[in-house]
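One chain, chain A, appears in both complexes that follow, with chain B as partner in the first and chain C in the second.
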Partner chain A sequence: MVAVASPRFGQRPASPATLAELEKLTERLARKPAAHLLVDGLSIGYSTLRGRFHAVEDVSFEVPAGTNLGLVGESGCGKSTVVKTLMGLQPEATQVSGRALLDGQNILGLDETALRDVRWKRMSLITQSAMNSLDPVYCIGDQISEAILAHEPVSKATAWARAEQMFALVGLPAGRLYEFPHMFSGGMRQRAVIAMALALNAGLLLADEPTTALDPIMQSQIMTRIRGIHAHLRCSMILVTHDIAVVAETCENIVVMYAGKVAESGPTAEVLESPLHPYTMGLKNAFPRLPERGAPRQPLISIPGVVPNLLLPPAGCRFASRCPFATEVCHRVTPPVVQVGAQRAACHHTDRAAEFRVAAARPETWRTMRGAV
Partner chain B sequence: MSTRHAIDPSAPLVIEAQDLKTHFQGRSGILSALVGVKPPSARALDGVDLRIREREIVGLVGESGCGKSTLGMTLVRMYQPTDGQILYRGEDITKVEGRRLKAYRHSAQIIFQDPYSSLNPRLTIGQVIEEPLIIHGIGTAAERREKVIRALELVRIPAEGNIDRYPSDLSGGQRQRVAIARALVLEPKFIVADEPVSMLDVSIQASVLELLDELSRELGLAVLYISHDIATVGYICNHVAVMYLGRIVEEGRSEDVLMRPLHPYTQRLMDAIPRMTPGETPERIELRGDVPSPLAVPPGCRFSSRCPYATALCEAVEPALSDQAEAHRVRCHIYDDRAARAHPDLPAPRAGKITEVAETGALVAAAEDARWQS
Partner chain C sequence: MRAYIFRRLAQSVLVVWAVTTIMFFMFRVMPADPTAILLERGLTDEARQALLEQWGLTGSLWDQYIAYLGNILTGDFGSSFLYRKPVWEVLTPLIINTLWIAVPGLLLGAALGAAIGTAVGWAKRGGKLERSGIFLATIIRGVPNFVIGIALLTIFSSTLGWFPSFGMGDPGETTGFARYMTLDFLHHLALPLIAVIIYFMPENLLLMRSGVVENRTEDYIELVRAKGVPQRRVAWHAARNSMLPLITWLFPALAETIAGIVVIEIVFSWPGVGRELVLAVTRQDYPLAQAAFFLLAVMIVIANLAADLIYGKLDPRVVYK
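Our next item is the complex of A and B:
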């Protein structure tokens, strides 16, 4: 008799032994609690021919167990570098200092053996480019089962059955596990990468721009999946993105990075409602929104100037050269981190934030800076 | 930069596409050659009508692979259309070749998505912008330099100190401005901007959009702005056209299309955009599946395979674009009963609330929904 589940490759149903083993594995994985992450004073630097380059400087944030954190900022602000370093994927000569405590254990500077226990099992990564993160010469099912087999003492058939479970979770038919990455569309590949990241039910999920370069319909599909899975598996998540609207919908907390430093952090609703840092205000006003019925249209305002060269970081506040509110002290002294309610901002003038917010909503405020190209 | 001014309907038409089609012929393999079967062609662009007037920016939106870029590239004749007509100021340029094609390209320019790969890294900014002038044999070296400086001024880059720099010295936003300057140096009347800001950071997107808006007013340019970021379209476009699988399914004034979308596809497209209201995830009706392949276009409505309202009529008969209030046009049987009257035997789709069937996950349209009546 010919199996009919997958006409292409003749998929067979799992044997009872496999099913029993799968059930045990699922149960074991389901008992994993959501992880808690505390990043404290993380600095990441590279030595280059032109001197030391600080990609990330003194970044601190916390991901309470079971919550989502949005890490936003422009390209080159260091958000992906933070995530890569947490996974231990930074280039060899990178200078890393500070602590990252995953459930109390510092995961920075672990050796390869110790890292194997952390990666996939306790923390997994959904990579930015699904096109490049899958191996073109292995079928998708083999790639997912490989990750499971590397970490769990189960049979190959069980690992495959687990991969089928994960495919169901992300809404892909199990028969397509036999297919190769080039046979998938961009959105399907991204879902396969998510399935892989979820395979061992890691307590902390790092999603690095999971929907960048996808069109809005695909983005909405993927984000709906991620949110659903998050609720279902009760894991914690760091979502790296430049799309603050996605963060507004998905994350309880937000960290806004600028030029390698944290500009502002706090609960998403408060940070986006009443930002303290002029950069957050600028980012919010620059973000295109759909027109709303009856509401007056807010103008779209760009932030003039460019991100400073991190090989020669300016003295004082890094945003000062683009900030319409910068005073003399901003150009001279590094701003302290000021706590206002649950929000924290690195700005000298947080006491004037209310006044800045009104001014920042007017295009003229930023236009005065337009001289700098 | 708020919602754009209304366009004068008597302003001269710059570009007009009539039933434009661009099909790509699949390559013939040994097997198909032996059997004598013609390989299928991909109907990337399949009957599109579009008009852009002076000083007007038309937005073109849709999912990846719906034919947006093919339309843009066909209009500037980078692709040879299979059928239909392109009129430039009333003149048919669909099939022009040689010198006349070169003359048309003088007046129709395109700006690409990626300012990192569209500028030659070995040429200075001045050379990059001058190149089209040399190709078209315009002016002496001194006159060309003057034109280059003027083009740089138009895109708000001071020529002094920048004209001899290389693209690698510039930021993404500045590079895209240089790409715009290169398009403007020939003083075109029509510009296709294919995702001009999607590679740029949010904080500088606005300035490039604003620049396009101002240039269109100052120079009387007709602009086709192609983007999958529907939110940006609302800021600079007078008119929006929504494409699906090689055809326009809805078009109208941008406020009307963005705020009161009629076509089920446009409604899903708008739904899919995240709103900036923290903590509120709206109830979304998720659109399932992918766009069908342009190699095998469904016979009826092209959206019927994914549309929750689709009936036998939709699967059999493709709806025509029908006129609704305020120059809003939509290609859907729900708003146009001509096909239903011609085929009384086929059940016609009716508007209604979409719900999800829990067991199967299928979407079905249920009874009337208030949203459709407003």
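Our next item is the complex of A and C:
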């Protein structure tokens, strides 16, 4: 079944040595356990000409081994920054504090050599813009093999054969490994990037908005593919997206971020069923739902206002200026993180959440909020 | 692909023809008398007329042109007025001499420029390596190349006395190819070769650097880094992509560079074809100058064709139609 395809030489079967090595490699990779990640008090700051600011502040969450975590929030809330920093891809001179324990080992602040041992081997990345994230001058097969060869002591032929397996997994024909990125459509490129991310069966998969650049049909296909593969491989995954519908379908746990901070986190079902934070309620309103038979159509409600300027973060709760339920204390005091059951929310008024949920479902509640910046 | 090469070759022939024609008429409209260099030896009017006839400079311009084109097609560029020898006999050894400094000089200049340019482009932005690299490259690029030559001569020849200051070595001891295989020749070769390298390197360096700086922030570089390959390998991806604009510039730039090599040959009294070309023009030695220019035109046309073909090899997105 495994064959080395070549447009120039036609198909030729892989040599027995390659097959034997591939089998050993596959076995070795299949034994890798799913990873456990604990992020604790992660803050990420930049120095700019207009002063220092924190893109991400005091973010904590946990990804139990073998589970999915959805990281949601609107553009610029810091969710991609978290993922990039976990991968060690933050720009130079970024100030990172806090801990990120991958199977107990802190991966923040590792030097290049130590980082190389973590990257792709234990933690791999599905990038946001698959359109530009493949090198235009190398064929896809070479780019996947490169990742394998960087970490596993196997021959080129074996690495290639492994790449063929991965292509089969994402539903691409092996012959196309010889093609260059510009010969692929957007959906195929995204699948190629997924194939690359799976090549070493890393314990933790970071999917950074894997479907953002695609049309809705392709988005749904890719997400189905990711879910299928995930069920098959049983690794842990962080899925960054602004589509809470996708999180609801895919992830056991959810973290809702707002302006660089965690607004609410907890088991997906509970958080979406009974949100504690007004921002989560607003976010939920902004997504379409299929109306129940006979019930009136639910209008989409958007949250008025804009995200605060992180160079001059407002005192108190960062969502206060856009929150219809904000009181005087919200503008003054940073809200504590309150635990209710398995859910955690950073809000002063979690005790009134049930009352807020009813109000938040009405469009008027949000319409009265105007001009708040 | 084959059709593309064929069409490009046909174009090239056209270009070479145009160059030879322009050259022919340019030399003819220059208000000077090629026999003048011989006049001082006491040439009578009859002798001068005979000489002009012998050189094919009588008759209408059109007749001369037809005869000239016919000769070129058979590979005959005539005889040098000054040396009284067939042009190729004069030029061949000179061409070889020039190739000795031009080929390794340009190759090393481009390769070193690209390598250092990558290092400078990959270095920390605003760091020491980046700043000094750009500074030096810009300075050298701004300095006229004869100054580079003279500086090299002053330092390594006059002051330190490490290298000879002119020529190609003691002539006549050995002949043929063996002549180039002596330590003495290499000793003489060193300074002009270094001058060519220094002259050609900075622009390669700066182009490569700006390419790498542009590419290092691309998304695909981030993914390569995320894969956990060594830093060197990541830099290579950026460099490999930066080669594309470099190649586009490099081959056409060779034409300009050859002009620069003429100057270096003169500074180091290197008996190359460039130096002879300048002399031939000042001496009104038409056949010699025409042959030399013809050679340059052919070289540049070939260089451009090579650039297009190499570009296709380097960039899979290029399709020949």
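Methods note: the second predicted complex is superposed on the first by the 355 of 373 C-alpha atoms of A that agree within 3 Å, B and C clash if a C-alpha of one lies under 4 Å from a C-alpha of the other, contacts with A are read in each partner's own complex, and residues count from 1 in each chain.
We adopt the following convention: a residue touches a chain if its C-beta (ideal position, glycine included) is under 8 Å from a C-beta of that chain, and two chains touch if they have at least 3 such contacts.
Worth saying up front: this structure is predicted, and the values here are computed from it rather than measured.
Contacts of A:E249 after superposition on the shared chain: chain B is touched, whereas chain C is not.
More chain A residues lie in contact with B than with the other chain of the pair chain B and chain C. By the document's definition of touching, neither partner reaches A:R50: not chain B, not chain C.
By the touch criterion defined above, A:L134 lies against chain C but remains apart from chain B after alignment on the C-alpha atoms of chain A.
In the superposition on chain A, contact of A:G282 is made with chain B only, not with chain C. Looking at the shared chain after the overlay, A:R31 reaches neither chain B nor chain C. Looking at chain A, you'll find no residue that touches chain B in one structure and chain C in the other. Remark: chain C residues 124, 218-220, 222-231, 233, 237, 240-241, 244, 314-317 touch chain A in the complex. Per the touch definition, chain A reaches chain B in the complex via residues 74-75, 185-187, 214-221, 223-224, 227, 242-246, 248-250, 268-269, 272-273, 282-284, 286-293, 297, 299-304, 306-307, 363, 370, 373.
Considering their complex, residues 84, 87, 89, 92, 112, 115-121, 124-125, 127-129, 132-139, 146-147, 150-151, 180, 182, 193, 196 of chain A touch chain C.
On the chain B side of its complex with chain A, the touching residues are 1-3, 63-64, 156-158, 162, 171-174, 201-210, 228-232, 234-235, 255, 258-259, 268-281, 284, 286-287, 290.
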